[in-house]
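Structure record follows, encoded as structure tokens.
Going by the order they are written in, the chains are A, B, C, D, E and F; count residues from 1 in each one.
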């Protein structure tokens, strides 16, 4: 599949391209919110790994596929295991209900791509 | 259109493939939730047909396209008429507002595929 | 408890008082939406009872306590049984997850008041 | 009713007391988010009045009563008329559906207190 | 790209085609809701431009991409400037949080197409 | 304040009373969901403490005050520190936006009661 980007690269490329456009708009509120977003997950009394798991479960129950992908990638970089991932998915599906299932399917597919 | 899956088959195939992966993870909570999901719509004092209509309206106001498709298929199997469908869509759009309209469009398109 | 309104009367009195204020504002869009809301649940190919159950499950998964109370009262008037109510609550909690539980508690409390 | 705070004072007092506790926690992310929140509604190419109306409609469709009260107070300070308010309420109820009605009732009640 | 519809035409064509199907169903509630939706944004004490900005911010915080596109097109027709757009996006992202960011990316992309 | 229940006891008493009524209804789906809810937070590859933090952040972004209180109590029993709590609140407010602030205020108030 040389002529087709993989889903991770595709996701990251679009994200990077559009973030640049948003930040180049010189809207201070958006710029600062983007900065603050990064700070939120920095090492604190809670580890970055724990915070990324919190970001993931929040994204899952709010059913935002792109946010889920972003935090899956971060969780992967923080050495979250597949067994840990499924326990996060379980919390999300119990709290958020079966409407989280379709997002769970796409999350598992992206997780496989990350581990592929 | 021999070389292109129809939207119903495509939806069901992806759903089946990913459900299998989720269930093979051996996460007990997810396994039991999937089981419970099936039990929820079994014949009770309310008929399966009524329960599937309830599942459909809930999916519509929560704006989950895949959940909508799933319950549309179940409603179709329970002999829901197109006139009944539109009355369900009306409740969903009145309770949930015009943000439900785009999901209503996709629901009607999928309903036509089911009846096609 | 003679000097305390019961929860049903209190709910209905506030609802009636504020609806009157909203309708007396002469905002045509709101007036017509209120009218449309009433029409939505009128007898059609689906019975008013079924439509009120649809309205109830939609209100539950969207977690609007006042909307839940309103549709509980309507379901009660349509002779919905307690066993039927619990099957509706089951669908709502499975689709919407455990965040629906606190609303389920208040729904059951209001249902008891209606049946009391 | 000398011995009872009015709803506006009560709302503002609780808000001020708890905001102080949150800000005194020295969590930088929360501090900066609170700052950013204030900046968002400052005069720009859009007036503060328009931005507060945007904040109000967003709070209404997300059905957060306290956020609605906060923006109602700001809209009132920006000389929003009652007729303008009802047009905002109309947009919120059409986009967000009848589940916004209970919040509309409470909004109208608070608006009356502000104008009382 | 002669053989590929642009994203605006594609969006509008699908929207028009499906709206026609929904309206031809003769469901009175849906018909009237569609009518009411149009009336909501007509010139009042608030201008159509202001109302479309309200519709846009509501669609953003409720995270409905198709509703966002629709109101972006209307805002564009009402001569909303790019600087104004970014102030609306800022309100939406502050009120609704970072889960609005992916929708903001797609909104900016569609806005570029409208201005392209 | 001897004649007034404290907020924690009041919350737990109402919760226990209504859960008993729900479970005594003999609706199997609800019974099993309640069971499953308990299992979800049991010790796994993730600790109960981590899972309760996940449940808390999910409840915060979904803005369910009672769910927030429940998980605050569990987090407290798992020796979550106030500094850790504020980092969880920060994630919830960044992901979910300023509409989470009113729930954050009530969460901090309940946390003080737990620590009081």
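FYI, a residue touches a chain if its C-beta (ideal position, glycine included) is under 8 Å from a C-beta of that chain, and two chains touch if they have at least 3 such contacts.
This one's a predicted model, so the numbers in the text were calculated from it and none came from an experiment.
A comparison of the A-C and C-E interfaces places the larger number of contacting C-beta pairs at A-C.
Averaging Cα atoms per chain gives one point for each, and the point farthest from that of chain F is the centre of E. Just one of A-C, A-B or E-F has an interface built like that of A-E, with over half of its contact pairs in common by residue number: A-B. Centroids of chain B and chain E (each the mean of its C-alpha atoms) stand 26 Å apart. Between the Cα centres of chain B and chain C there is a gap of 24 Å.
One finds 31 Å separating the Cα centroids of chain B and chain F.
Of all residues in chain F, those that touch two or more other chains are 29, 33, 36-37, 40, 58-59, 61-62, 67, 87, 90, 93-96, 98-99.
Because contacts link each chain to all the remaining chains, their graph is best described as complete.
Interface residues of chain B, counted against chain A in their complex, comprise 14-15, 18-19, 21-22, 25, 27, 29-30, 33-34, 37, 58-59, 62, 64-67. Within the complex formed with chain E, the residues of chain B that make contact are 63, 82, 86-87, 89-90, 93-94, 98-99, 101-102, 104-106, 108-109, 112. Per the touch definition, chain A reaches chain F in the complex via residues 36-37, 40-41, 44-46, 50-51, 53-55, 57-62, 67, 81, 83-84, 87-88, 90-92, 94-96. Of all residues in chain E, only 61, 93-100 touch chain F in the complex they form.
Within the complex, the chain E residues that touch chain C are 28-29, 32-33, 36, 39-40.
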